[in-house]
């Protein structure tokens, strides 16, 4: 039984880790870390866990936690994981960081976009970007995983095969993304009140959202050259779900079958990536609660562009689900253990 | 492996049966019956099941189905199950009817409230009302289960211990219930369009809703005398969930501890009924996607009344989940098999 | 032109006052008071008012405001209005308080239910309860109006004629009310985040909500004797709207026509109260954005009870709209000026 | 008093026409046309109009209607207006068609994208495209107005000044649009049920939506050359509102001030188009219920692109509001009469 510690267990991503790990046959949560709710019963904070979780919340002492568990998830704001990690900890436990601290290889880029000084740059190189379908082998050997951001996961997976195979010009990529509100976290902010979010849609972080360099870095590896893109996130009146609509110019004419074959080449054997049937558009509702990413595309001969789409649950494949998938890989378990959840509809 | 057939597999309750049974270790769906979608791939109708269900929809031939499966669920409009069932079928398979056909022991009452002629009154007596926590032993031996209605399940379980123990006057019970829209089914009706339901709440079926006699019959058994109640359902702009707020006059003064002890007497060992902590009100969100019913109560010394509350997912404990729980009991399996699902939040 | 000052102009009720007064032909807002946003442009806080309101927010100095305006609305938390009002101010301006400070005639009851010491008990007697359809004549002569609470307005108007005429036993009244989230205000609280409110319904303040004594006091006046009721509010995932479902025992048998005649006696000439056609249930959506209260009822001969229903926009007739209606009465204007707004659908 | 007839008065756009015209000082609805509800009271179909509209629905006999009214609005599916219009009618009344029948000058393009044969091609040339801010003078003289589509209005107005002034390369324009569900109409379709739309977002009509050629035609006029764009609409779980996020490559570097000056040049005097302050993103909620279009932009020097945004209420400026604005122009009234409505928030 893998012993698990969670720092940030009372945020939305932390709560989702708890939900998923309760259904995991080989893991057991030993430490519910929550600075804001220390000593409160976890099931008082998340009443859905009443009679399922009896533990109380503990603080976020990573040193002590490392003595008691085999793997630590940090589901916390940027900067916290980097401020706590050290060699002693990494020698004792696996560390899966759901924040952005170790996702970007360039300290300068990180510090510029996040406007924060990196406290542990010495671990950036070692950290493995935990996009399971792309970096599976490195993940298996890693001590420290940078769990990908929600937008980057859905954005990258929607366009990756075509970038990798050179079918599209990567510098023409425009990603228009739409997210449910749980992505904004459980903090008490006027902007996230029901009355402000409901019956509303807006763009935010236009031309400056922090997930942009993360997406660009991964696309650059795929393309084998620097890639600069446009990325615009939007807030949608729903709880869960990210939809990505991505546009790019084709390098040359291509048929549906040719493009489909490229997607299949990369995703056909991937359990959690579903390339939908022709002309079926991904919808967030069809993946809700699951670890699936649904992708598809449409050629537009009129403009010479291709429209690529992806849908995903931001709290599962975009956060806690992918983190568990990484844990499974790191501990040599079945990659899908604890994640064999059918999407819930409606 | 229990072989399962579903008639009405493409309605919301049918879809929920599929979701739950896919996670059931000892059951396998062999027949996806759907008159409207015969020959269509099930996963085209419910895209969430893409790559999880490969079967095509079949018709609702109960005779033929009975040759191929061990248990049949009918998740269909009133009247259909009664029109198909016969001795031959009941000799071959277990039958769990999610419609109201066999819930009410009096044919007259059924025909009056449902305005339909009962096609198989000879099976009403035999049918067991599948409220697992109350009729567990009879369910285990039954051939034919009348799976309880969504409102009746939540209403009855919220007040049952107090009626049974005589703490409240059952004829003062007023049940004000609120349901999400999935309870209205997947039919294409203007009233259930997003633009009509969203930002709206309304009562309907006031003083005449068909679930009234079902609740009254069960309460009468508990009280040992005829019970007449007020029941008002409301439509709420959410997908899933039923909340019941029930009012009744206490037979005599009672303390919190006394009432709590009565709830605990009946529910303490029940896995799927959670009596919440003092002063915690049930919320539909805390049970979403799960088979739990959360109940609690509040004494009001000013009025001599008690307010009893219950929250439940109408598609799970209110339909498909309870149906699976019944199946587990009928086949001697662990009652919670396939239903050990943590509620999803948010 | 009536000069208007608003204290609390950036709350939801304050924002609604601004929306309504912008369409009022004889009023002009001179002072947008908002302690939290002093010096900020009002239209930055409420971007809907961009290019419609150029003013900046001011503080809540009631003394100074009284020099510059003819009427002051206080749309603030309990206690503030009572702490600011004095004879000097009341001699200069009309004061319409949207908080509960002057709604309840008994200081003891107020202090017990609100858990706050009343700072200006000397004005309680003088204050007129601003339920326009009931106290119209007193309102016209008042200096100080206690604008009714949202739940009390809808609750009281739904049952008033039957209590007044003695058709129902007032002490059997049970009011089950459901409100949109704007009633909870614009404060940044986790409980009111989109992800907590959406797909959820819950009761709150069970057997102890502060609007209970307000409703009871008004019912007592109507009944001519003390009335004690059950009142349970619920939070519904919508922005606006209150629905009241009220239950009571009939004093004696009555026909639809008899009851209808009683409603008509009181409401037939009331512009803002619509007694719906037989069997049509009030829905919050049909009154959204307007000052209407839709009421109707259903007799239940089985139980000897009557179910009374009312729907209203909590921010309009339940707050800002009724406040403007009061202002119109106080200044001798057409009672409906600025309030002739058709409900918006969908 | 202008006498008005509406064909399709019980659809969502028709209902919005009624709401707006009830507040119009110089117009009076004489004919509520609704094929589906002939002889039913209008206020039974739209209960919000109870006691405000006493009329019954009539059929859609345009010939007879032309005898009784001064202006006819057709808020009907494509093809109906073209099948009814003739010289006799146009000689008697003004006609404002909210369908697409007369929006596209090329019959071939219309018939190809709409897959319908045009029944009155002889009036296409005469019809004026009723985008008030662009074609004001022609509208004043027109007999027949093609009221613009919802997406085209918001899309075009978001990018128009930059195309007109040559700041962007029009063939690089990519429009990613998001709409509330009322745009899909009031027809009873499974896809538009609450349970299908809620908690969901999806693209539809990808690379083939019918509004594409309408947008392209108008952009071509502005650019003075043929323009081909990418346009992708999405369905969002809200009732009202369209948000447009448009991307294009700048023809050359430009500062914020330069681009702002271009927007101001075209929109500064336009009452219904609000160019927001720097860095303020349009949100649909800030315009709900009003005739405003909020636009803004963001330069992205990293990519050489500009992101242009627009938000609008699809039923007002995107349909009924713009139709009334057109009527005002045609009859020489104040262009804003009946449309001076503050957006409702929340």
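Note that the chains are named A, B, C and D in the order they appear, and that numbering of residues resets to 1 at the start of each chain.
Going forward, a contact is a pair of C-beta atoms (placed from the backbone, for glycine too) under 8 Å apart; a residue touches a chain by one contact, two chains touch by 3 or more.
Since we're looking at a predicted model, the values are computed, not measured.
Asks: Taking each chain's centre as the mean of its CA atoms, which one is farthest from the centre of chain D?
Replies: B
Asks: Considering A-D alongside A-B, which chain pair is linked by more C-beta pairs in contact?
Replies: Most contacts of the two pairs: A-D.
Asks: Measuring centre to centre with CA averages, how many angstrom lie between chain A and chain C?
Replies: 46
Asks: Between chain A and chain B, what is the gap in Å from one C-alpha centre to the other?
Replies: 36
Asks: How many angstrom lie between the CA centroids of chain A and chain D, rounded to a whole number?
Replies: One centre to the other, that is 38 Å.
Asks: Touching at least two other chains at once: which residues of chain D meet that condition?
Replies: In chain D, the residues touching two or more other chains are 12, 182, 195-196, 198-199, 237-240, 283, 285, 288, 346.
Asks: Under the touch definition given earlier, write down the residues of chain A that touch chain C in their complex.
Replies: Touching chain C: residues 12, 181-182, 186-190, 192-199, 237-239 of chain A.
Asks: Please output the residues of chain D touching chain A within their complex, sorted ascending.
Replies: It comes out as residues 174, 176, 178, 180, 195-196, 198-204, 206-207, 228-230, 232, 234, 236-241, 243, 245, 247, 281-285, 288, 298-300, 302-303, 305, 307, 309, 311, 346.
Asks: Taking the touch rule as given, give the residues of chain D at its contact with chain C in the complex, in rising order.
Replies: 12, 15, 19, 22-23, 44, 46-52, 182, 199, 239-240, 274, 276-277, 280, 283, 285-290, 294, 340-346
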